[in-house]
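Shared chain: chain A. Partners: chain B in the first complex, chain C in the second.
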Partner chain A sequence: MNRFRLSERGAERLSISVLLAPAVAVIVLLFLGGLASGFLRSLNYFPLIGLNDFNFDAYFAIFTDNGFLQSLVLTFHIAFTSTLIASILAVASALLLRPAFRGKRIVHFFFSLNLTIPHLVGAIGVLYLFQNSGLVSRIMTGLDIIQRPADFPAMVFDPWAIGIIIQYVWKEIPFIGVIVLAILLSVGEDYESVARSLGANRWQAFRQVTLPLIMPGVVSASVIVFAFTFGAFEIPYLLGRTFPAALPVLAYQSYTDVDLAARPQAMAMAMVIAFISTLLIMAYMKLSRVYIRE
Partner chain B sequence: MTQVTLSGLTKIFDQKSPPAVDNLDLEIESGKLTALLGPSGCGKTTTMKMIAGLLRPTAGDILFDGDSILSIKPEERGAVMVFQNYLLFPYMNIADNIGFGLKMRKVNKKEIRSRVQDMLDLVQLPGFEDRKPNQLSGGQQQRIALARALIVQPNVLLLDEPLSNLDAHLRDEMRVLIRRIQTEMGITTVFVTHDQEEAVVLADKVALLFDGRLQQFDAPDSFYDTPNTVDIATFFGGTNFIPGYYLDGTITTDIGVFDAPNSLVPEGDAVLSIRPEAVDLGEGGENSVSGTVLSHVYAGRYARFQIRIGDIEIEAVTEPGQVKLFADGDNIPVKFDPDKIWVLGPNTAEQPAATTG
Partner chain C sequence: MTTAPAPLPGIAPRTIGRTTLRWAGIMGLLAFLVAPMVPLFIWSISFRWFYPDILPSEYSARAWEQVISPTNNVIGATGQTTLIALLCTVLSVLLGVPAGRALGLHNFKGKRIVEVLILAPIIVPGLAVVLGIDTMFIRYGLSGNILGVTLVHLVPTLPYMTLVMSGVYANYDVDYELQARSLGAGRWATQRYVTLPAVFPGVVVGALFTFLISWSQYVLTLLIGDGQVETLPILLFNFARSEPAIAGALSVVFILPGILVLLLSSKYLSGDSAAVGGIGNI
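After this line comes the complex of A and B, so read on.
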């Protein structure tokens, strides 16, 4: 009887493995395979172009290269600043959108509209608006706020990556905001009412009660945004400086370099990006698990 | 101690539907325990939220000790509300939950700690400081919610269905605890309930609301002995109704004419009400008619009879000794104690909600 049950369970397990096989194959071949071959190449193993010796030269090269370190700092700056600003503004907008008001559905529609607009379109929009010959610059010239369009402060291709950050903030506010709004609505206003009734003013009720309740959602949404902005290529490519460039741009430049010897370095950079993203996701999962346990 | 006056208090959520609270006048006595009683959706909780400042009235006024508090922010009213589902802050431990109100008032940590201890003793849960709300049972969470409200020494304590989420045993315990704390601290307390028994057992005075309108505001026993309307008597249950015509202390019905010296209604169509306990079986004379026993149930300390009189069926509850005397089908005299007959007006909607006492 017992044995029969075991074999039944074994059969079940087997059928689950068979059913999962196609999905697992895709993940193993495309994702892990790609990662593994990238990793091997970053270790200077690339027989196709005559590299056969394993070594850490590429890692050594990039971490001693001032340009790479500048790129790393710039990439952190872009990801951190845009995530922080987007998160704060998203929470603020979610709070504004929470109460019932006339025309709420229309406002809500416009709020989440740019979730559907591709990043590239947003980047071109930023370009048209904020470059020296852009719309904002020309309007300000027309209003005599600045003398000539050239006086407009550099906001694209600028050292502080302002244009990139504007684009990310614009794009990610509704992403975080929609998540936070859903959490706010499910938490309800009663906890805040309790706090107010016990003597908390509006700010205290928000700071001590609402914020801690929505924080897990804010954190999970913003980790996703951080990981994305850290590894995304197209926006810094379109709106950023060529030097220092954001890491994904630098990796791409190295990869497409005429010098094939730069390939292992490009792969090493990709590995660094992947490693940092993985670290972040693990930290996030750990944090959220701790929070749920509480 | 604070006296709370509601004056013409009205709340309209949606122009298309009737008001949630409709022109409510109520005088909640200082230091007393007052129940807001009514079926669900009658505006009890809405009234309470307006007192706490969590909802803005559409019209009318709320006064604490004679002064309007409508312009005072909820956190400054000193009217603390305890919600039905407790709503302890899930990410805080019990000590931080109880101490929340004091922390908001910037009381120093040492004092908060000692007053939290006092509160835990008061609600009989000492040693619970470091636990998290989800480690507590419903009854314990309820007590912590109460402690969290009491620690700020509110002028008015507002309890929303304080007993409804608890099982029968805990409910009795909680009832005793609330009564004891309320008496000791003398806080003006309002609690909302849909359970008339809970209201009667716990409250000094009961305000009965139907559809946002005050029906009767009285001492608990009045709702049984002298209800204002048939609806109220029906809500409290267990009464016999016999339609008739009232004139000068006498009500004439299809089954006979009865003296009803205590009644206050004007001449006209009326309803005789008499509680099953006030029906005396087997007694003749004044105010008695003849009836037939339809069925009976012996329930230990008493017996319950269904009696047919003419075309009307009534219920009577008796002392156990009398069970032997009547069998189903017996014809017996049935007497209505004139002092216990209460005559109600015919149409409940047109009767003004008198506030007596």
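After this line comes the complex of A and C, so read on.
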């Protein structure tokens, strides 16, 4: 019996590598291979067209280019503002949806519906709602608040990226909200009740008891949202300005530029995006470890 | 046991106010979440909808006829999107379930590195990777065809499936297998009658969402498909600026699988399951 278990375990240990190898090989080849290939080309190394020397010209070019720096600032603004607003509203939504009420199941279903609606559909919906002649503008004209499409404030293709942020907030409230709601439901309301019965007011009970409980979930979901909103392409491509464009859009524009000399710069921008995401992954791993230890 | 603080006299009217307020909040929230779908649906059945009309002056099924008609290749694109998503799901399940088992059940040297490697493609944006992949794929003839697009879709889907399965196996007690083996069951019989029933719901939910992640990819298909592979999101984007009626109808087609999946899996889908973690990719 004992011998059987031992050999079984030995076999398992051997088979770990067999179980992992195919998936790891594919991810290494495609993901790391893609990054490595992009990195080499960002260094101007492309033997296929006779470029055999490494240099940092592309990085030097983009970091001295005002357009790139403006894109970088805009992209941070989009990611930070979207993540902040979405997190706050998601926590508020989760608190709103927590207690038992009639029709809770159907409300929860509609709340999670956005999880599976692709970003692209949401972005087109936001476009048709908030463009100058969009549905919101029509309703405001009907209410005599504005007279013509031109009176409607620019919310798409605008310098503050309002439409893009609305789209992200719309999509990410349920994403963060569902995670927070699950924590709230599994923890229950006992701790808060104790705090309340000991004299804490609603705000104190939330601030001192509930918030610390949900914070790990909020933070880890926010990191994922920030990384996504920082690197997503189709939403700013559809709803944003062409100049300054969000960083992924700028990288795509450079990549598809007829001038082949712009390609190493496109790759350099992709590397900047990958680098910032790597920092976020490290933050994510570190945070999840810290919270697990607690 | 939830013990609310004892109600004090005079607090009753305030409680009613709170309930009303809560419902106002819930309705406002749901209205915001549904709002972008409203113009899409109206556009899909409109014929004339000029500014400043709040509703179309004439309705028609024109957009839906266009969707069905062969000229716009919507049916072809739907078939191609489905084929790619199915291929991608099969590959992700075949590779991701074993890898998830290794990560969920075992501790081994270098596990942390493998975890980072699996997590990284979920967080690093597709665009940052796909420009380099495009360079490789062009060289090996994988650009502009379904095979290449399927492979590049594995970048977000395979790590997702692996993570989901790693979560499923972490909650699975491997002793059941040892018991079955010691009672004389063979390797295959053990997998078939003990392991599979235990992890099957997880595999199904993971596979459904894997399908959706591939189904909704835009920029990976745009670059690797190179104009040759036309999927629904590619068509949808092309119509978004010029043909709102057709874009509206296409959007309805495009979101249907997601709603179906949610209906099928909502029972299993709580925020603490790994299934939600990767949905940022849809």
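Rule of thumb we're sticking to: the second predicted complex is superposed on the first by the 278 of 294 C-alpha atoms of A that agree within 3 Å, B and C clash if a C-alpha of one lies under 4 Å from a C-alpha of the other, contacts with A are read in each partner's own complex, and residues count from 1 in each chain.
Going forward, a contact is a pair of C-beta atoms (placed from the backbone, for glycine too) under 8 Å apart; a residue touches a chain by one contact, two chains touch by 3 or more.
Small disclaimer: the values here were computed from a predicted structure and weren't measured.
Chemist: In the superposed arrangement, does chain B or chain C reach more residues of chain A?
Modeler: So, of the two partners, C touches more residues of chain A.
Chemist: Which holds for A:278: it touches chain B only (first), chain C only (second), both, or neither?
Modeler: Only chain C; A:278 stays clear of chain B.
Chemist: Just checking: does A:203 make contact with chain B only, chain C only, both, or neither of them? Give me first, second, both or neither.
Modeler: In the superposed model, A:203 contacts neither chain B nor chain C.
Chemist: Examine A:193 and indicate which partner it touches, taking first as chain B and second as chain C; both and neither are also allowed.
Modeler: It touches chain B and chain C both.
Chemist: Which partner does A:39 contact after superposing on A: first (chain B), second (chain C), both, neither?
Modeler: second
Chemist: If you stack the two complexes on chain A, which partner ends up touching A:213: first (chain B), second (chain C), both, or neither?
Modeler: Touch status of A:213: first partner only.
Chemist: Where on chain A do the contacts with chain B and the contacts with chain C coincide?
Modeler: Looking at chain A, the two contact sets intersect at 190, 193, 196-197.
Chemist: Under the stated contact criterion, what part of chain B meets chain A in this complex?
Modeler: Per the stated touch rule, the residues are 49, 52-54, 73-76, 79-81, 83, 85, 87, 89-91, 100-101, 103-105, 132, 148-149, 152, 158.
Chemist: Please output the residues of chain A touching chain B within their complex, sorted ascending.
Modeler: 190-191, 193-201, 204, 208-209, 212-213, 294
Chemist: Across the complex, what residues on chain C touch chain A?
Modeler: 1-5, 22, 25-26, 29-30, 32-40, 42-43, 51-54, 94-96, 98-99, 101-103, 106, 108, 114, 116-133, 135-136, 139, 151-152, 154-155, 158-159, 162, 178, 181-182, 212, 215-216, 218-219, 223, 233, 236-237, 240, 244, 247-248, 251, 254-255, 257-259, 261-262, 266, 269-272, 276-277, 279-282
Chemist: Hey, which residues of chain A end up touching chain C in the complex?
Modeler: Chain A reaches chain C through residues 1, 4-5, 8, 12-13, 16, 18-20, 22-24, 26-28, 30-39, 41, 48, 92-93, 96-97, 99, 101, 107, 109-122, 124-129, 133-135, 137-139, 141-142, 149, 167, 170, 172-175, 178-183, 185-186, 188-190, 193, 196-197, 217, 223-225, 227-228, 230-234, 238, 248, 251-252, 255, 266-267, 270-271, 273-274, 277-278, 280-281, 284-285.
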